[in-house]
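Read the structure below first, then the notes.
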Amino acid sequence: MAPRKLQIAAAGLGRMGHRHALNFLNRTPRAELVAAFTPDPKEIAWGREHLEPFGVTLYTNYDEMISRPGLDAVVIGTATSVHAEEAIQAMQKNLHVLCEKPLSTSIEVCRQVVDEAKKRPHLKVMCGFSRRFDDSYRDAYSKVEKGLIGRPTILRSQTCDKHDPSGFFVEYAAWSGGVFVDMSVHDIDLTLMFFGETIKPKSISAHGCIAVQPGLAQHKDVDNAVGIVEFWGGQIAYYYCSRMMAHGQEDVTEVIGTEGKLSVNLNPQSSLVNYYSGAGITREVPAHYYGRFEMAFVQEANEFAAACLDNTELPMRLDNAVRAVEIGSWLQEALVTGKQIHFDESGKRSEKASL
Amino acid sequence: MAPRKLQIAAAGLGRMGHRHALNFLNRTPRAELVAAFTPDPKEIAWGREHLEPFGVTLYTNYDEMISRPGLDAVVIGTATSVHAEEAIQAMQKNLHVLCEKPLSTSIEVCRQVVDEAKKRPHLKVMCGFSRRFDDSYRDAYSKVEKGLIGRPTILRSQTCDKHDPSGFFVEYAAWSGGVFVDMSVHDIDLTLMFFGETIKPKSISAHGCIAVQPGLAQHKDVDNAVGIVEFWGGQIAYYYCSRMMAHGQEDVTEVIGTEGKLSVNLNPQSSLVNYYSGAGITREVPAHYYGRFEMAFVQEANEFAAACLDNTELPMRLDNAVRAVEIGSWLQEALVTGKQIHFDESGKRSEKASL
Amino acid sequence: MAPRKLQIAAAGLGRMGHRHALNFLNRTPRAELVAAFTPDPKEIAWGREHLEPFGVTLYTNYDEMISRPGLDAVVIGTATSVHAEEAIQAMQKNLHVLCEKPLSTSIEVCRQVVDEAKKRPHLKVMCGFSRRFDDSYRDAYSKVEKGLIGRPTILRSQTCDKHDPSGFFVEYAAWSGGVFVDMSVHDIDLTLMFFGETIKPKSISAHGCIAVQPGLAQHKDVDNAVGIVEFWGGQIAYYYCSRMMAHGQEDVTEVIGTEGKLSVNLNPQSSLVNYYSGAGITREVPAHYYGRFEMAFVQEANEFAAACLDNTELPMRLDNAVRAVEIGSWLQEALVTGKQIHFDESGKRSEKASL
Amino acid sequence: MAPRKLQIAAAGLGRMGHRHALNFLNRTPRAELVAAFTPDPKEIAWGREHLEPFGVTLYTNYDEMISRPGLDAVVIGTATSVHAEEAIQAMQKNLHVLCEKPLSTSIEVCRQVVDEAKKRPHLKVMCGFSRRFDDSYRDAYSKVEKGLIGRPTILRSQTCDKHDPSGFFVEYAAWSGGVFVDMSVHDIDLTLMFFGETIKPKSISAHGCIAVQPGLAQHKDVDNAVGIVEFWGGQIAYYYCSRMMAHGQEDVTEVIGTEGKLSVNLNPQSSLVNYYSGAGITREVPAHYYGRFEMAFVQEANEFAAACLDNTELPMRLDNAVRAVEIGSWLQEALVTGKQIHFDESGKRSEKASL
């Protein structure tokens, strides 16, 4: 008899949701996508064409879907505003949960998800930070583990999107939580990965500007921002996020240690081709983050399935996802208020800098 | 009802065979691996662990496997010496065939396979040259198609393996057909892809040496070889193949046109990580060709399945595989005899150079 | 009759001074090094061997040297603490002055030099920021001028030295003005170059840590620091300086505009050689800034000589040198106090952030 | 008293000649350019403006110039056809000689120069192969000397010029000796450098085509050629030369050893700038060989001056220059005749391949 496959349902078939659905349908051998939910008629239409013929039942009611007998898990790729609620409902139905990041742009709501998960330790609940599943970041991490760069001390990381002149990001800013929460949260998560999950911020600064999307001003957001987080213990991370790149997606990380340095994706490329012309030698760049991280999402799906089926530890802790959003929110606060934020060694906000 | 999946069987579970089997089992959504054959007890043991639990029936008799009712296709990854025979037998059972390259190291045997396939035009028969399915080569090709480099005129291509001091390649040389047939055949196939499938050799030169594997002398083979093929129409391809690389697999192609140039994998890398240390800045390189071309093999499996199910054209013609081996054999002949080989415009061997 | 050459004297024959002396002696065709001053017996000994035989008179008294009849100019490469005084004295003797950066670590003293120079507009007085003379920075600048990247909006720049375990930099920190004044001053100068010389800071943040040179604590300095300067007009520069690099000098700049981006030296290299070994593919990096910028110093000497002889405009304004040190001092202040600094639009310090 | 400077005269002020003249005038501290010769009125006019004002006497008669009292040396940068004659005449006047490559396109004439030089061992006579003076090639060579790549076994080297549609190269082909003598001679010289000067060809093949300069056919030359030289001792060099590059000068060398590999200029660049735009990431390339090798020519002038003044050994042997042209001529012969050329171990031509 063939080994049991994880019976999984997908919530949301939009930008990110439909990718999760397809990955569980086609590229996760140990899982079987049995159901998908979306309230959106366009997405349902897509599901009729791409999922239903392969045995996936479509639902327009989330609760109905997660009540389906035999279901083991749900992957949540709906709008951020419903992530937390759907995750909690799924746990209450005894389902494992893989939730797109972030759990919520509200720390409090994030914490509710974590609390719910703590009550059900037998469930696997993961908030997917795709870079953790990327071969190159893992290669870098294993080199740090081997001690190749000494003690990691400075981390520079940027998430830079291709400029989208459609106005999409202006609307999106109304509820995205701001650029540090929406974009840099990945870089912050990498900081927790490379500096260690117990690290505590000591002070935070941030500055931003609006260069190409004037409409962002109404949402107190920016299209370019730089922030610094100094940690107790003498480590510093600094971030750049931007939605202004002419050339494509450019997500770069450098980890600088006392005895060496690692860079990840310092020279982005969409293929191994260089084109030589009168203009010089040109290398193309992925247009979007999925072009850079597609295989990381596939890896994520497979590792989640394995952890659920084998009851093994997940590759990342749920409360990290909260930590990352929390630090992102502080950066956003520092950006908006124009004030540096300080923390004492216990982690409490303090008015004064600790020197 | 779910769409029908291609019922496929795998012949051979060795170095290449087991990868094909796993790709059809796990990473080819439209195919279902139902059977696998190998005469080798070690490979059977591997199959018991990795295939049987997933519903794959194991066979130690090839004929028995291909006689299995309901079977649609077979992927052949056995030793080169039996490729042709197994391919022909499969066609005679009305099965589609995906065969590892080369069909045979003998041109005559290759032609028998092609002849058999011509008799059964409803069957999809493909000899997999993995680079044709590689994103980067396809990106380069589409740029050529768009006219970005004018007329492709010079092609430089190399297949260079990491040095393997185990002695494996000395044994292997006994029946591999020689380095040009075994290694450069990929570069020759790329030549047909970029210069066009109807191109005809005008003259061929080759030189080689033994630098690290003295045992190759007994098989009249070498561990480093350089060859040039000049074509009627004024195009030149030149090849380097080697089994001596200290750093890993380095398969590079340059296509130089009258108005531009393309390079593929000029700067090999196994990940997007650079490591900075006292020695400088270091990038690792894949140790083996599968590290470079894994996703191309997956793509090949998927496109083969699609062509079989949808009865659409295969992405490459079977007789190309024969052409590539043929040119490889001539290069090997030029290498061994120390003589330049000439052809007239009709394709016939000629004693004298055409100037 | 051969054209007149600029008669120049060199003050200081130490680390930087001897390089200036040799550049004016050997690589500045329109100048003639006629004299050199140093109070240091070791440096005098070096001058006896390397300068005196070529017609250069050595002095141990600065005033005596600059009083030498026929002298046109002096290049000052002594300790920072005497730069300003020597520059002023030279101007008072009616000499053109090329002074190593910085004029002083004190803004007030810097201003005295500028004031003295303003009184003598016929004199060429330049504080050399070598990167302004570097081919690559000039190439980047000309691309910005051509509008290739739209409006420059974000500038990332780092000055990172190879780790020197000798303790030199701990002593040096006593009077260097701190890492932002000593190292980032180059990056700040580039900011003025790319964003325009009239740009005004709006707010400044900085964070630092001591990772490998504990002795720096006594001088309130650090070995790694990150700072952000936000400008009125919506531009942001952020800097990283470090004395901890394992691999060598790594001075990188990125200028990100509304329509494109430029990077300078993102992939440092000491030659065009790559070494392929079992470790991968390795590129060496210059060990020191002079390895990176040697030809920029030669260019600087030649352009200074030309401006003096032809009475043409210098390639950079003297008061920029003061602006760069000023911004560097503010970054250092923000680092040491742990407080963000704000400025109103007139350039005055303000207690509150302007949002 | 200042040390004596080498009194040198320049013959020829054309494309290459005027660069040598300026390098000895301005960038060779131990030499003094005192005279220059050219029969060409345009070049004389250039000399009046750029050399005469700096004390250089102009001559329209070569013999008169080399008879000038006090002269030590001459640098020959005239047309190739008079190199040898002028070199011999200079030696007969007891002058050191630095001659642009090649001495002649005729081996016999080359040998006359060598013979003349042998009679006057106190004279320094050098035929400048600029790449020997290039930092990167020297870096690669020192790594080979240290044993980093084991025994150098395969050398790939290319000299590729930017396409010049003016027709210049068609005229030039009338007397250039052909592409292998004119262009690949540099790559051959590098082969002697890396494989050792005593290495002997065993067999030679070459193929070429005309892709963009149809006029070359009348001179039996081509605009793209590939050649292989196999050496006794089991080493192979292969060359590509082209005048068809769209992007600029691309002179690349790889030296592949039994334990590692070195590449030189695999990724050509004209500066350290990368430009990011909608097209991707672009790096410009030098348009001409002088853009790549300018500093090597300066280094050559300085080392030649030093060897003359100090009576030390020159960095390269004169008869190498003959060897390089000789091998280039054989490659050209193999190209034109369409026949592989063989040599026995004593270096004699033989009809048959030695296997």
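Odds and ends about this structure:
A, B, C and D are the chain letters, set down in written order, and residue numbers restart from 1 in every chain.
The rule is simple: a residue touches a chain if its C-beta (ideal position, glycine included) is under 8 Å from a C-beta of that chain, and two chains touch if they have at least 3 such contacts.
Given the structure is predicted, the values throughout are model-derived calculations rather than measurements.
Same interface as A-D, judged by over half of the contact pairs sharing residue numbers, among the pairs A-B, A-C or B-C: B-C.
Each of B-D and C-D has its own count of C-beta contacts, and the greater count is at B-D. Centres computed as Cα averages put subunit C at a distance of 39 Å from subunit D.
Inter-chain spacing, taken between the CA centroids of subunit B and subunit C, is 56 Å.
Residue positions of subunit A with contacts to 2 or more other chains are 149, 245-247, 259-261, 266-267, 275-278, 284.
On the subunit C side of its complex with subunit A, the touching residues are 149, 151, 153-154, 156, 203, 205-212, 224, 226, 228, 230, 234-236, 238, 240, 242, 244-247, 256, 258-261, 266-267, 336-340, 342, 352-355.
On the subunit A side of its complex with subunit D, the touching residues are 245-248, 250, 267-268, 275-285. Chain contact summary for the complex, subunit D toward subunit C: residues 2-3, 25-27, 29, 53-55, 135-136, 139-140, 143, 148-149, 259-266, 270-278, 284.
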